[in-house]
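Each chain carries a letter (A, B, C and D) given by its place in the written order, and its residues are counted from 1.
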């Protein structure tokens, strides 16, 4: 069975399983999404494209942007400086937990939880003249798509409500681990989370991580092989809040989820895949998204393990 | 460069780097080991063998045995019953932490930390007529080596000192997650940790996990493909106490360490590898062992990511 | 209104308020108690006695014994040695919490929580030839009552079930804060908790703490003034698990509760008072007991504050 | 020996003991204070005044203001509403800890730690037309002293540095336990902490809490007897961060400390006393201040216990 056949099977199964979950409601813009949306897109490293459902519809990528932020930071700052300010360990705690941050003196557990992404954004603010503009240019470049953009309403909505993130960044500022003005960093962070992309666009962007750091269209290198491996490793252990083990166990691929209901996963040297379904489980990950990716590695009989 | 050439380079580098660390000293039997020991053995899935140094000398495998315990439990008990009693998430805390266990009502974070391995041992005690005897037979079978044995002095030493494990198992008993007598389970657990094996023996045993669950000598299946994948996934996210992320980041292979200074790692469909050096870093993992495996995936330019 | 009049008012009010709660059920011997029991006894420092209800019926004093253990330890061991091994701070956590104990390296927060009382019992085991016999003699002496005794069935029941205490004592043994055999200390600890006394007997024993450390009958000093003040201070801040603040706020007297449903309180230079009602609130303190003492200081318009 | 004699003894002893500690340095305005300052003032409920040293020099009262804030809140808002939003339990954790706040869903442990005082300030902001003005008027009224004032430099300094308080208030806002704008509440909170008073002024103000809630000069009631008792009870269990038990144990009086080096204590129906020495122990309480009060109750042989 080819990938398209497998995706069709997945679509049928998911539609039949009537998976439960709740659309993220902490900001009004996310709560508006229709819960029944479902789309999936797979891009192989040899350029094939497979998809089903609402795979062309854009949604708020939210925490998936943390992978782009980390990638850009690795291009702008020395590794040893980054890894002094953020660790690479799984968090073992909910994504907005202040507890661990306090016990560990303001050093976030990893760059894919909110606190870690805030430090990464602080690093970007230090290195970019116009962070908001340059960040978008970077995402558009690796996506090969100049139409990708921020959703200003989503960003504004988050800025109004983001008390937990404001708590975390002030705590880290108290520990000296935020170098710029907290409101400037927060603003930039909320912008990065507000980017809208479709499953197709996400898969076509993340295929770089399956392609050893090179863009697919021209094989031009964006990221070194070592950096690519490390980002994949971090996605594997830290990409799903306190459900990273479960995802690794059930799916067996590096990946990253967002509360907008999107999940991307990477099979190095094989493919990238994005799935979208807005209903989340209690850990904040897309219920149908996790199931779809589990079916993918189950049916193909192939994962990194 | 073939694997033997690479192993020779690793040996040279490690010898030159004069890595620091402390031999585990919490029980006298472990404290006696000469700190300068260093050995490595790689077994490929096509049956090649490469090695250097003290790779034939047996040492106490300690927590590496947790992988064997989990494997045997998966053969004896239904998955759903096991995963109700032990989770599959990274622990994010030191290996002997009671904190997480208490917050999570006696359900250990994963089967590769002490608390989780105690629950797995409890499951084995429920299913085996003579746990100590049958466990050793199982390890000998997958190792293809009838001389492997417990070290009674090590086991006795642990039984005398194991107050933290005794604290944990009693806590879990209070939550109803230990079904047998705590002292019987503890005794069996300390026995499993006391097994002595060499790097060669470990690599030759763990190659089963790189070979989709089949023994290399006769391709007979011990473990299903799904179970093999899952054990590898759990080693990836949980095999190194609170340094699982660091190992994933630097090495990029599933693996498991023990306080005896041993580390095994698995590259699915490629090879298994074992390294031994008794000097541990502050997280309890072999300093030179981690470095040797980092060099291995760095020089080969190849990891699961 | 004299104290007897006030006690009568309290009895009426409590009977009318139909307070809720659950009898402790973690050991069968405690679960057997009739939930409707209610008794109160007040002994003034000038020897007056006032009471109502089931004030003559003995019940399991449980954690109230921790005050006797501390008192005897202060007579047997130097203060500085005791306070190096146990702190005097409120615990801010449930009474059986291992978390704080682990964060604080095996030093219990105070001598009136289980972990602290275990250390105190360890100290007594070190100093007494026959701890069980000498402890009972001491309690009988300060009670002026040779009929007070252990309840062997309660003690046996606790010994069978006490997994949390066994977890705690092993954790502390691991930190070097238990000097004797853990099972010997645990056995002695469970014995001390099993003592049966009535409200009358408790009030008549605790009046010593209201009487500056002297027995009422002959004004013979048992405890120095300084030690008496300190025990009262510790009861004030630590006597009610994580409800010490609430008791201080509502009642305003030093006191100690037990899961058998008993509470004693001390008004220095005025009176001691004991109340018994087996229905406990969710924090493990007698609902009607706390209410009765609140009414006592409310109606008398007089507390230490 | 009368109180003046006792105070003279205390002064001599303290001068001889050469107690160590560090002046609070987290804001420049506090770091400037001369470490050798020492003053004490006792006001009895019959209007006698005793003092020594720098008892007339004003210093930053810091957290001592939390008692005034709570007092004013109890006059402005219903008890049940206040105690739904703030608990009355000792915190058992450092004064700026976010951990407990997160575990307890944004409900501070008590009104005398920073998080609790922020909620109390939020309540005051809701009830006062001009919080800053009306708060100062209230303090001046109970102090009987129209010259008491904010120190604008101290307040400005705190506003610039207060990242931990900003983290906490945002966390509580996320839980819905702050009703007003966080910056407005923070500004007001920092103002309250910046009030400057001398030992004499503090003792003369706090004598109200020793006088059942009535001003000494005219016996006019400010606070009900019940509220007075409860504030004293809360000071007893919660007035010294995670050293409340130690203070209760050594001194045996309700009290409150501030990082400016001041401590006030109250002996109900007897006296109020204030002491000032800027060198703090590692828990943030004045070393000499605690010692002076310990000597006071030791020499008088009289405390609430």
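Throughout what follows, a contact is a pair of C-beta atoms (placed from the backbone, for glycine too) under 8 Å apart; a residue touches a chain by one contact, two chains touch by 3 or more.
No experiment lies behind these values; they were computed from the predicted model shown.
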Quiz item: What is the set of chains touching both subunit B and subunit C?
Solution: none
Quiz item: Between subunit A and subunit C, what's the gap in Å when you average each chain's C-alpha atoms?
Solution: 55
Self-check item: Centre distance in Å when subunit A and subunit D are each reduced to the mean of their C-alpha atoms
Solution: 47
Practice problem: Provide the C-alpha centroid distance between subunit A and subunit B, rounded to the nearest whole angstrom. | Solution: 32
Practice problem: Give me the residues of subunit A that touch two or more other chains. | Solution: none
Self-check item: Touching pairs - complete list by chain label
Solution: A-B, A-D, B-C, C-D
Self-check item: Of all residues in subunit C, those that touch subunit B in their complex
Solution: 97-99, 102-103, 163-164, 166-168, 170-171, 173-174, 182
Practice problem: Provide the residue numbers of subunit B that touch subunit A in the complex, in ascending order. | Solution: 87-93, 100, 109-110, 225, 228-230, 232-234, 236-238, 242-246, 248-249, 252, 254, 268, 298, 301, 303-305
